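Sharing a structure, written as structure tokens. Questions coming.
Going in written order, the chains are labelled A, B, C, D, E and F, and every chain counts its residues from 1.
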Amino acid sequence: MHFTYLNPTNPATFKDRYVTKVAETIVPFSKERKGEVGLIGLPSSKSSISLSMAANAPSTIRKALNSFSTYAATQKHDFKNEGIVDFGDVPIHPTSVIETLDRLHISIQEMLQTDACDRYIMLGGDHGISFPSIHAFQKKYGTIGVIQWDAHHDVRNLEDGGRTNGTPFRSLLEEGIIKGEHLVQVGIRNYSNAQAYDQYAHDKGIHVYMMEDIEEHGILPIIDKELERLSNEVDFLYLSVDMDSVDQAHAPGCPAIGPGGFTSRELLSSIKKAAQHPKTKAMDIVEIDPSQDVRDMTSRLAAHVMMKFMYKV
Amino acid sequence: MHFTYLNPTNPATFKDRYVTKVAETIVPFSKERKGEVGLIGLPSSKSSISLSMAANAPSTIRKALNSFSTYAATQKHDFKNEGIVDFGDVPIHPTSVIETLDRLHISIQEMLQTDACDRYIMLGGDHGISFPSIHAFQKKYGTIGVIQWDAHHDVRNLEDGGRTNGTPFRSLLEEGIIKGEHLVQVGIRNYSNAQAYDQYAHDKGIHVYMMEDIEEHGILPIIDKELERLSNEVDFLYLSVDMDSVDQAHAPGCPAIGPGGFTSRELLSSIKKAAQHPKTKAMDIVEIDPSQDVRDMTSRLAAHVMMKFMYKV
Amino acid sequence: MHFTYLNPTNPATFKDRYVTKVAETIVPFSKERKGEVGLIGLPSSKSSISLSMAANAPSTIRKALNSFSTYAATQKHDFKNEGIVDFGDVPIHPTSVIETLDRLHISIQEMLQTDACDRYIMLGGDHGISFPSIHAFQKKYGTIGVIQWDAHHDVRNLEDGGRTNGTPFRSLLEEGIIKGEHLVQVGIRNYSNAQAYDQYAHDKGIHVYMMEDIEEHGILPIIDKELERLSNEVDFLYLSVDMDSVDQAHAPGCPAIGPGGFTSRELLSSIKKAAQHPKTKAMDIVEIDPSQDVRDMTSRLAAHVMMKFMYKV
Amino acid sequence: MHFTYLNPTNPATFKDRYVTKVAETIVPFSKERKGEVGLIGLPSSKSSISLSMAANAPSTIRKALNSFSTYAATQKHDFKNEGIVDFGDVPIHPTSVIETLDRLHISIQEMLQTDACDRYIMLGGDHGISFPSIHAFQKKYGTIGVIQWDAHHDVRNLEDGGRTNGTPFRSLLEEGIIKGEHLVQVGIRNYSNAQAYDQYAHDKGIHVYMMEDIEEHGILPIIDKELERLSNEVDFLYLSVDMDSVDQAHAPGCPAIGPGGFTSRELLSSIKKAAQHPKTKAMDIVEIDPSQDVRDMTSRLAAHVMMKFMYKV
Amino acid sequence: MHFTYLNPTNPATFKDRYVTKVAETIVPFSKERKGEVGLIGLPSSKSSISLSMAANAPSTIRKALNSFSTYAATQKHDFKNEGIVDFGDVPIHPTSVIETLDRLHISIQEMLQTDACDRYIMLGGDHGISFPSIHAFQKKYGTIGVIQWDAHHDVRNLEDGGRTNGTPFRSLLEEGIIKGEHLVQVGIRNYSNAQAYDQYAHDKGIHVYMMEDIEEHGILPIIDKELERLSNEVDFLYLSVDMDSVDQAHAPGCPAIGPGGFTSRELLSSIKKAAQHPKTKAMDIVEIDPSQDVRDMTSRLAAHVMMKFMYKV
Amino acid sequence: MHFTYLNPTNPATFKDRYVTKVAETIVPFSKERKGEVGLIGLPSSKSSISLSMAANAPSTIRKALNSFSTYAATQKHDFKNEGIVDFGDVPIHPTSVIETLDRLHISIQEMLQTDACDRYIMLGGDHGISFPSIHAFQKKYGTIGVIQWDAHHDVRNLEDGGRTNGTPFRSLLEEGIIKGEHLVQVGIRNYSNAQAYDQYAHDKGIHVYMMEDIEEHGILPIIDKELERLSNEVDFLYLSVDMDSVDQAHAPGCPAIGPGGFTSRELLSSIKKAAQHPKTKAMDIVEIDPSQDVRDMTSRLAAHVMMKFMYKV
């Protein structure tokens, strides 16, 4: 049977013969599949201190990739052949956060064992996913340096609520998975953290840049300087992008929005800069709650962050 | 490569081993595929007189089938093996309504030529889709009787705007595809139609039931009586369900909402009654604009209408 | 200059030559203008106890008249020639409620002095408008009977906040403008009023029907009985329709929504019944806040109430 | 210091001297405090299979009590002196559902040990809270009969996801806390459950009433009959009210909404009937997600359910 | 009859005697009417590739002119006497895009033939309206230069969907209505276009400025340079303002929103600059879908764009 | 009775032992209470020219203080011991704006008479509250200088509508409470004011800075210069922050939003600068309507403004 118009296995959308949408370059992982960038969804947000539906973000961000094409006019380059290998979403456990974190960790390990990709994007979920994720990368790739875009340190104590989304970097440091001086935090804000955790960050040797530093020096020189430093000390660079580092006017869909953060331009240009470094191989994007967003604006920005990471343009 | 939790080709949702979601019984059409009910999406709403995004309804209604299981406790029967064969959505033409109506017509004809299914569900889109749809069924199956749930006659003149969503039954009558006496309209409302069209309906012999008739006699006796009459005169019964026949409190997502329509219970019980007739073989569901709906309530009701049609329970 | 399509003074909407929208029958008042029904907007809601934007309702309800045609199929009658004479909206005073109430009163008096119409519709605004409105009718027409659809008595004391929207009937009774036994309240709810006001209503001789009475006896027999009684005692019947008498599922746009009220069908059938009485000459519709409504559902219902009043069908 | 208008410890709202709001009758528990009805919030929804923010419902429902007064006109009785003793909300654990269920259980036990109240209302949260809640009542009061308003059986297997909101009655039965024949389920719907769980309900002797039974016989006779039966077999009656038993048009704020459920009137009259039984001493209200509601309609309905339970009118 | 407060033909809004709203300077076209700026609405969006309700924008933008006064304090000048002559909205054809484009073209031609105005504003609608609009201006005024604010080239092929909103400049170039070198595009974005169309723009000699160019050089020098160049080559300058050139944080109501576009300040200052050129005589504003906007923010920005064009301040 | 988890008098939220929320530093005023900053709510918006629910802002802003901690990392200082003394909200009169303004005035006077605090924050409400507020401060503290962040002069005539939110500074000047040269207005916009009022401002000697001045010179130098000048002439500096001075993208919840205003960063840095001056002792924040806001973004910004004022960091 031939159909003139119907295609039972594909959605029916307008197709311009000359346009490739980024979403069209996504293919599910299969054995023979090799590709530039691996993609995995980590739809976990039951570890959030404040209730959030951030678990729904992986599908919203994937959908937002339908709004972008693969062509970078500034370089006269079409990235349509640089595909994304999608490993799917990790099914979370409905009632056990511990079990969910295990599943995330094991799944990322298994993804890395396929050796199918050179670089990886992890879509959260809340920031709790960075602990099992970075741990998996450390096991595979050795010493890890992390640049974290965030309004918050995320080094809360573990006694008051377990491994919440406020604790991933505490867990990584306490477990010896990363070293303090290999963690760079940019976009930290006044009135969004506690003195004890600022002190902890200092004691551990974390390199912290407040929004005030960024307003004074600009984000790009800071990223440049830290990339150079880190690249001499680590084997592998991991970017951890908490979207609440962005100002509420530009990323209204984060659970913990507020004024005084990055603009979209600042975020995108700094991600591009970091992605261009040859040791930068992995990135997670976290803390988008689509149910609280305005027209999926924050997921659209996240999709644009993905392009900056994937295409370095 | 074996993954413990990941499945790159399937969404990661909670699975209870004993529950089958109706959405899980949908399979894309393929040659060897036979099934009880065929499903096709007709995402066309550029023929709407009032601007509408009803073209987005097929995907929303399909998604709403995730909210329902296949088990009918009143009959102690699980319909999990009575699958739905999905022929996909017809791609519409961005700027030509004529071309879109042709594509719908040809695609339904081709679907019917597969002989894969006994019964069919068409998901609009606006009511304009019923003209090419019923025409295709008439070509294949002979004399067609139609029961139309609608607040409106939909027999507007064709001069003032072409084949809009206000004209499908005018077109069908003028083209001789159905006869007036083979068309039953239930739920027609005062202050929602014109005298000329009421007169036209009368002249053509359409059987019209106002909401006042339904409040007086109940919807079930009316359906019963008309089913019996029609079944003696036609080869095939087609249900055309304009969701704006339902009261705005129960179906808030229709472009032309208003008070004084059917309750959900009235709609569902009358669809069930009509679906149980052996000659009832096809149904379309139209006029849901998901962008104007409240929590996809109207698409959820449409999904429930599908179950009443498919399972007759 | 002749334009082929443009019409600088009229909106450009689709026109079906056989359809007359109710909104098209509205003409601004002018000296030579005589018509069946006069319409006036009373966009006042600064007297509301709870903050409300009910002042925006007159324009929303007028717009909703675009969703309805003039044809009543049950009577085979087109009301397209029974026009509405629009006196416009009374400009309110930004900071003085007293001044606003005066302007409403004077404007209705002046409207009545034109003798342009037989019957009148007043669009609020909050329920505070009924005091100056009914007062104006009483001056012109003598003894007034009022049927009030409302969840609340609206006979609060005047000391605690002046002439709020909780006080119009208190004011009318205290000022001797209407008599207690000439006021009928239908739809009063438990847990929505105070004992002191129930007692006051009783002392004044108001005829009160609780929702429990309506569930037991039906709304139509109650309206019938009271119409007959009142018509022997008064010169003129005024309907005061607080939309919060309707259940929150059917009228979600009222400031004081709640469960357990009238369905749309109950409201519409009872208005029709009351409107058919020859002494029924005026109606106000109050307590719709369009900013809190869902798809202007409550304004659409109000527009339907207008048709029931105007056309008695 | 005396203030003419200010009151630093109380909110500044309009006060009518004759009106008592139900919310004004709430007092925090303290040792000397005795009262008719105890109130406790169980803001737990991390056990929900589908992500939900039902944990926010206790505060929304409490706020909705500001929309109702204490006066029942049908009985000419003001309940202003029948206060509510508020034990506050149980703080949940951010990452451990097991720990959260323990805290709920212990807190309800401690509440019951105060002997401060005769009857109790538990505000969820998701339906998972009924397991620790009913367990606590059973320990204190002996054999418990439960009437459950719900579209779902909530007897899912515990292997696929632990003690989710789909399992409370499975847990209660498996742990021997209640007997199957002491559980009455009203409002169960087709296409919302699985055959295995229907069978389980049957095997355990649960009395199940489908919506079809209710449409046929009415809800009140069913409640009557079961109250009489249960009261001979149990020491204590507990009502468990899952708001998704109500139709989506009347309770749009539940995570699992759908058509074909109870109307508000059916829910309220049946709660009243059940509450009037002398053995009925406790009630929980669950499955309201305020973030998905329309104008807190579902919380308003829940507040009305509370009045029916507290005042039996 | 004299009314103290009522004015049946005018809306009742607060009037400050010293304030003139821009909306108050709008008068419908009539023969004797001459004015600075002509205004026409082109409510057409059925040519949009993605479904949009952009057809509703003309009325929303006109309404937004009520939010602005005519006084420019920086110049100490009140523009209250520089009126807007409104030609109304062109009625579109419900089912034929071709017919709609014809009506737009003819209507603009007829507007220009009145010679009533020196300069013109066209309110779309989607970008498809620029083809018939610019064509009409070219017929009347000769060689046209166009500056287009847009994230997209809008030179898609015509085979895949006809004259959609992605094609107006392709159509103008192919039909020889404008020359490539007379078209300046500012704000074009990476990942929003195709290589084939970038190449096409290059081959045709279009002057393209990416957002990266604007971030580097600033928008004003670019506009300056191109104004000077164009003014030597063309008779007439036409500005075509696709609001999706603006960042999603500043123009959330466009169908195709995304991050990384112009700020409001960049848009407004560049429009002012271009409007000040004596050859700049016409402007269209397109791609606002009010149903997707936040508080009509994008229409408010469009209204401000109008002031920059009209008053050059 | 000891409870393990329950606390009947406190809300149950997650508590990190090292974090102090700004909201936790609020204590109700009591006699023995001394504190750095006094807080009072002025929930008055019935004086607004355009209908607004700005009266709800005090409670929303207070709630937003839960989103911020007391720690300023840039200074390594935790402000947890610099408490806020809350005098509560002034109850407004439902129908009399005059009476409401009196209550505000008297209440602020009484607050100042307690001598409990050194500095004060007034939360509006609409801008009408600044008249009674500044008047009270003038009575207590002598010559007052005011810096007003606003898009509007707020010196409208009093004849057209009484003491609306467009008149507070007119009232203050006319009553001789402040002098024109002691009033500095920053952020005034073109197309948002009238010539007569610009002239009035000039005649009275008000120092006016347009947005164009700010784009040219920057906001900080302007604030610096005016602080220095004013501090030589006045006893006391009062900041009056109309949030509509901020761009609509950054403060979407103001009644009169528009493009071209301050960014959040500009507002916050300028408030900080002004707050650091030793004579700056009071601030009001006005014109937030929470019902029109997006995710309480504008209230969050207002809360951040409070921190800048309180902590000067």
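Just a few scattered comments:
One rule holds for everything that comes next: a contact is a pair of C-beta atoms (placed from the backbone, for glycine too) under 8 Å apart; a residue touches a chain by one contact, two chains touch by 3 or more.
Treat the numbers as computed from the prediction; the structure is a model and nothing was measured.
Shared contact partners of chain A and chain C, listed by label, are B, D, E, F. Between B-C and the choices C-F, A-B or B-D, the pair with more than half the same contact pairs by residue number is B-D.
Centre-to-centre, using mean CA coordinates, chain A is 41 Å away from chain D. Annotation: 42 Å between the Cα-based centres of chain C and chain E.
Residue positions of chain E with contacts to 2 or more other chains are 14-15, 49, 94, 161, 249, 292, 294. The full set of touching chain pairs reads A-B, A-D, A-E, A-F, B-C, B-D, B-E, C-D, C-E, C-F, D-F, E-F. On the chain D side of its complex with chain B, the touching residues are 49-50, 156-157, 159-161, 166, 188, 190-198, 208, 210, 212, 215, 247-249, 252, 256-260, 292, 294.
Against chain D, in their complex, chain F makes its touches with residues 1, 3-15, 28-31, 40-41, 43, 59, 86-92, 94, 103, 106-107, 110-111, 113-114. The part of chain B that touches chain E in the complex is made up of residues 45-49, 51, 53, 55-56, 93-98, 161-164, 291-292.
Taken together, the chain F residues at the contact with chain A in this complex read 14-20, 22, 67-74, 76, 78, 249-250, 264-265, 268, 294-295, 297, 300-301, 304, 307, 313.
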